[in-house]
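One structure is given below, represented as structure tokens, and several questions about it will come after.
Chains: A, B, C and D, in written order; residue numbering restarts at 1 for each.
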Amino acid sequence: MIDMSVDIGGLRLKNPVLVSSGTFGFGREYSNFYDLNSLGGIAVKGITLKPRKGNKPPRIAETAAGILNSVGLENPGLYGFMEKELPFLKRYKVPIIANISGNTIEEYSIMAQELCNSVDAIELNVSCPNVKEGGIAFGTKPELIYQVTNAVKKRIGIPLIVKLSPNVTDISEMALAAEGAGADCISLINTMIGMKMDIENRKPYFDNVVAGLSGPAVKPIALRMVWQAAEKVNIPIIGMGGISTWRDAIEFIMAGAAAISIGTANFYNPYAPIEVLDGIRNYMEYSGLNKIEEIKINRGVKNYE
Amino acid sequence: MIDMSVDIGGLRLKNPVLVSSGTFGFGREYSNFYDLNSLGGIAVKGITLKPRKGNKPPRIAETAAGILNSVGLENPGLYGFMEKELPFLKRYKVPIIANISGNTIEEYSIMAQELCNSVDAIELNVSCPNVKEGGIAFGTKPELIYQVTNAVKKRIGIPLIVKLSPNVTDISEMALAAEGAGADCISLINTMIGMKMDIENRKPYFDNVVAGLSGPAVKPIALRMVWQAAEKVNIPIIGMGGISTWRDAIEFIMAGAAAISIGTANFYNPYAPIEVLDGIRNYMEYSGLNKIEEIKINRGVKNYE
Amino acid sequence: MEREICSIVSNDRVAKDIYKLVINSKSIIKEASAGQFLHIKPSLNYDPLLRRPISICKADSVKGHIMLLYRVCGKGTRLFGGLGQGDCLDIIGPLGKGFPILKDKKAAVIGGGIGIAPLLELCQNLNSPDIYMGFRDEVYFVDEFIKHSGAFFLYTEDGSRGSKGYPIEALARNISSYEVVYACGPKMMLSKVKELCEANSVECYLSMEERMGCGVGACLVCACESSEENYYKKVCVDGPVFNSREVKFDDRYER
Amino acid sequence: MEREICSIVSNDRVAKDIYKLVINSKSIIKEASAGQFLHIKPSLNYDPLLRRPISICKADSVKGHIMLLYRVCGKGTRLFGGLGQGDCLDIIGPLGKGFPILKDKKAAVIGGGIGIAPLLELCQNLNSPDIYMGFRDEVYFVDEFIKHSGAFFLYTEDGSRGSKGYPIEALARNISSYEVVYACGPKMMLSKVKELCEANSVECYLSMEERMGCGVGACLVCACESSEENYYKKVCVDGPVFNSREVKFDDRYER
């Protein structure tokens, strides 16, 4: 009997396939394609305390096997989300992960506290500039990750996921900071910082100059980071970054991910999460594995650093 | 009259198109396709003090729009290079850049000193583990970059290029360290650390587990880093990372690169450097620009960080 | 909204870089209406990565054929151009809000270049609207339109066919005779049509373009400046067809 | 060594996943010899990114045709499979060191599966060598080989054609009658051929495979274990054909 369920830091998912924040709206859109209850969980579009209009278009550029996005956290704000979007998702039985972004630790804490009775887990997007620290991203300093994680953890009784930024020298240092501060789970990777020039108009293509790179192009980097983080922390990891097929998913689980999440692939293949899920199940059947955890490889005696 | 020449920290190149270390051997191979004198310069395969056998195969994997390589610095060693490879290149008038890797600052210094009468510039590959510092890569700590750059600079009378690693939180900090220590030029990016799993055999695909990612997939990241470094340093920058076409090259020069370098593209298009060069020239003609520096965009008043 | 693997009936070049593609459809065609679009995968590999939005040009539900008209201008459309009969395409659709069919109103339809694509199905559904069309030089597909038109005004930038200039000039002269105007084409043209119609209090629908990610409303990248200050519209689900009063053209489009 | 854009004369399926591709060549063909390979770009876009090495199966310099035999097994070869007459391929070649043609020696040629590809041009150039061939199940191309063979030994793993088993079994029985053995096929087979020949002091040439980057000796990724301890051979320029004494098979290949 194959058991597809996984635990991500106290939250039991019926299968390891999630969908990533910002690539799945608030779930409505993809509910036209399949039953959302088939998913392991849904991380909704990133929420901020106040509504945000987001960045000026253009907001997307295609790169080689990837995309750059500059949405700028357009969202209806914490209360807009709770009133207008959450009720729809609540009609399903699928676990809801609220992805939150703040400019200060206080903002993160308020949002987490307000949300924690309505959702199944909180995901901290720490790729945001810390206004009090002169705009340096929370996710690039272990001390800041520690502080924000610790502050939020104290306020909530549901699992806390910290979503790490890949734009750092040493991902395991960041993973350890989150774990040390009480995170129940980490997710990685968020987008990589990239850029594109508008040659014709002799200026950066995006108004905001830099933008977030995602998609198959970043997969080798994401996989390496999951491997490195899994080497160091004991809390579960949600792996993501370019996952498009079940083979990609298996690579991440082998590397140590407890669950995986589909982001950009939703755009070119709306059925990607379902196909990945079926693929994992077939792989397990074919390989005679009964639990997702059995997919993880044994790192053995080799020092893999 | 279009002047394609550029200065990279005291070394004048007749055009801004270089070829990258490790992707062009010691020049012999591509001399079958075109006259090497057409190039702005050649960065030869990375050299170490002692000959190195390199890593066990497999050494390459194709990723989405990129490749992972794990050559492991196979090379004939400093003296093997000087005796067996350099004489061939010396038959050309093209500037030769010796790319060197060391385990200690001493090793870098010895190599630079031995080479500096035979080549036109030294490129320090700082993506190597510093044995004395417990194996942490030189290129991930500003202090280490400063020390190795400073030590080498004192020993040589030819331009010193420091090749930065992209696997860092803040590339401009690294660029500033190199500049502060006396580097005449910086080049970026080296490969990004990536990974692949061998699903069938349930183990990392590469014996060394991680490998270097290059090619079009990394271009948006490389371009962003050139932009960020150019914001901070005054020494010239050689931009590279996924450049395959003249449009890519123009993006890098617009972002602030004084010259650009072709790496992985040589593999799928041996004429890439020549085609990029022709493209840049046509672009300048079409746009009425006379000097390479004029391609650079004006960043204006906007705060682009 | 469905995903369907559609086989190609024909894919013919009709002018320089302009192709007419006819595909078989069983499910998408059932809901297809004028102004909606299909989101088509150009490659089975990851470069190009994203689907490409292409308007429904004509939907023949009897034969089960959807006709598309597209211009080859980049990586994705170049791959479309290389396809032939029997090849298959992975398509999501129909997507977006199409044109409201206001049969009882005196209508003008104005299109520029490849922007004529979504207008054919529209003209077929209206009662012989007057049609205004502009092209740079080579003219294509006008015969298909003339069949469904009242008056027909043809312009080319170089004057090689029809009148020299832009179709907006003729529309401006006749604007008072219309109750509704439908437009698709370059942003510059749309912005002028909007201005003209609003100045003359004529109801106006514009089909907008913006780069897309998902095509279904989930990613928020297809933002288009709305007349309400504090939020953007999504071209893929709020549009691509908008009442002109819903949208705004910023300076970026005036370049 | 040249880059040439070659048009396709024909591309036909000869067995499950096996295709015979014939291309026109003016320049590459001039230098092409048995055992060398071509480095072919599978896509104009960046995925798949690298060229694919494919052996020269037959070179007809009179017609200016090069024939290739390939197995569809991944992204790149799948794209090759979709090509037809008139399509063009961007090719670099001929690359690598081919087979030494030792006409005066009594020769055996042994091939397994798609590994037969580089052997046809070889057999044509030798004096009716004895040929040993093995396939998993479906047998292809043997008629082409029989034309140029002395004795011919056919094996299939499932026994559906020829004898059941592996061609190495027959070669082992007859090894004492040969002065030289040429081999291409799975690593397992090559490793056994090497052992057999060396135990019997028979000269032996093996065509090796390794994943490639540049194909011209510049990137050092095609490393293959050499009999000398302290360095690797490059399959692309030192090979793909090696004297068996130059190379070593490590445990990795025994899986």
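Convention: a contact is a pair of C-beta atoms (placed from the backbone, for glycine too) under 8 Å apart; a residue touches a chain by one contact, two chains touch by 3 or more.
As the structure is a prediction and not an experimental result, all values here were calculated from the model.
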{"item": "Per Cα centroids, the chain farthest from subunit A", "value": "D"}
{"item": "Contact-richer chain pair [B-C vs A-C]", "value": "A-C"}
{"item": "Where subunit C and subunit D are represented by their mean Cα positions, the distance between them in whole Å", "value": "52"}
{"item": "Centre-of-Cα separation between subunit B and subunit A, whole angstrom", "value": "33"}
{"item": "Centroid distance [mean C-alpha coordinates] between subunit C and subunit B, Å", "value": "46"}
{"item": "Between subunit C and subunit A, distance of the C-alpha-averaged centres to the nearest whole Å", "value": "36"}
{"item": "Junction residues of subunit A - those touching two or more other chains", "value": "64-66, 215-217"}
{"item": "Shared-contact residues (touching 2 or more other chains) in subunit C", "value": "46-48"}
{"item": "Chain contact topology (line, ring, star, complete or other)", "value": "complete"}
{"item": "Residue ranges of subunit D touching subunit B (in the complex, touch as defined)", "value": "1, 3, 41, 46-51, 92, 210-225, 230-232, 237, 250, 255"}
{"item": "Residue ranges of subunit A touching subunit C (in the complex, touch as defined)", "value": "22-25, 28-30, 32-33, 45, 51, 53-62, 64-67, 69, 71, 74, 201, 215-217, 244, 264, 266-268, 270-271"}
{"item": "Parts of subunit B lying in touch with subunit C, wherever the complex brings them together", "value": "64-65, 216"}
{"item": "Sites on subunit D touched by subunit C in the complex", "value": "43, 45-48, 75"}
{"item": "Touching residues (chain side subunit C, partner subunit B) in the complex", "value": "46-47"}
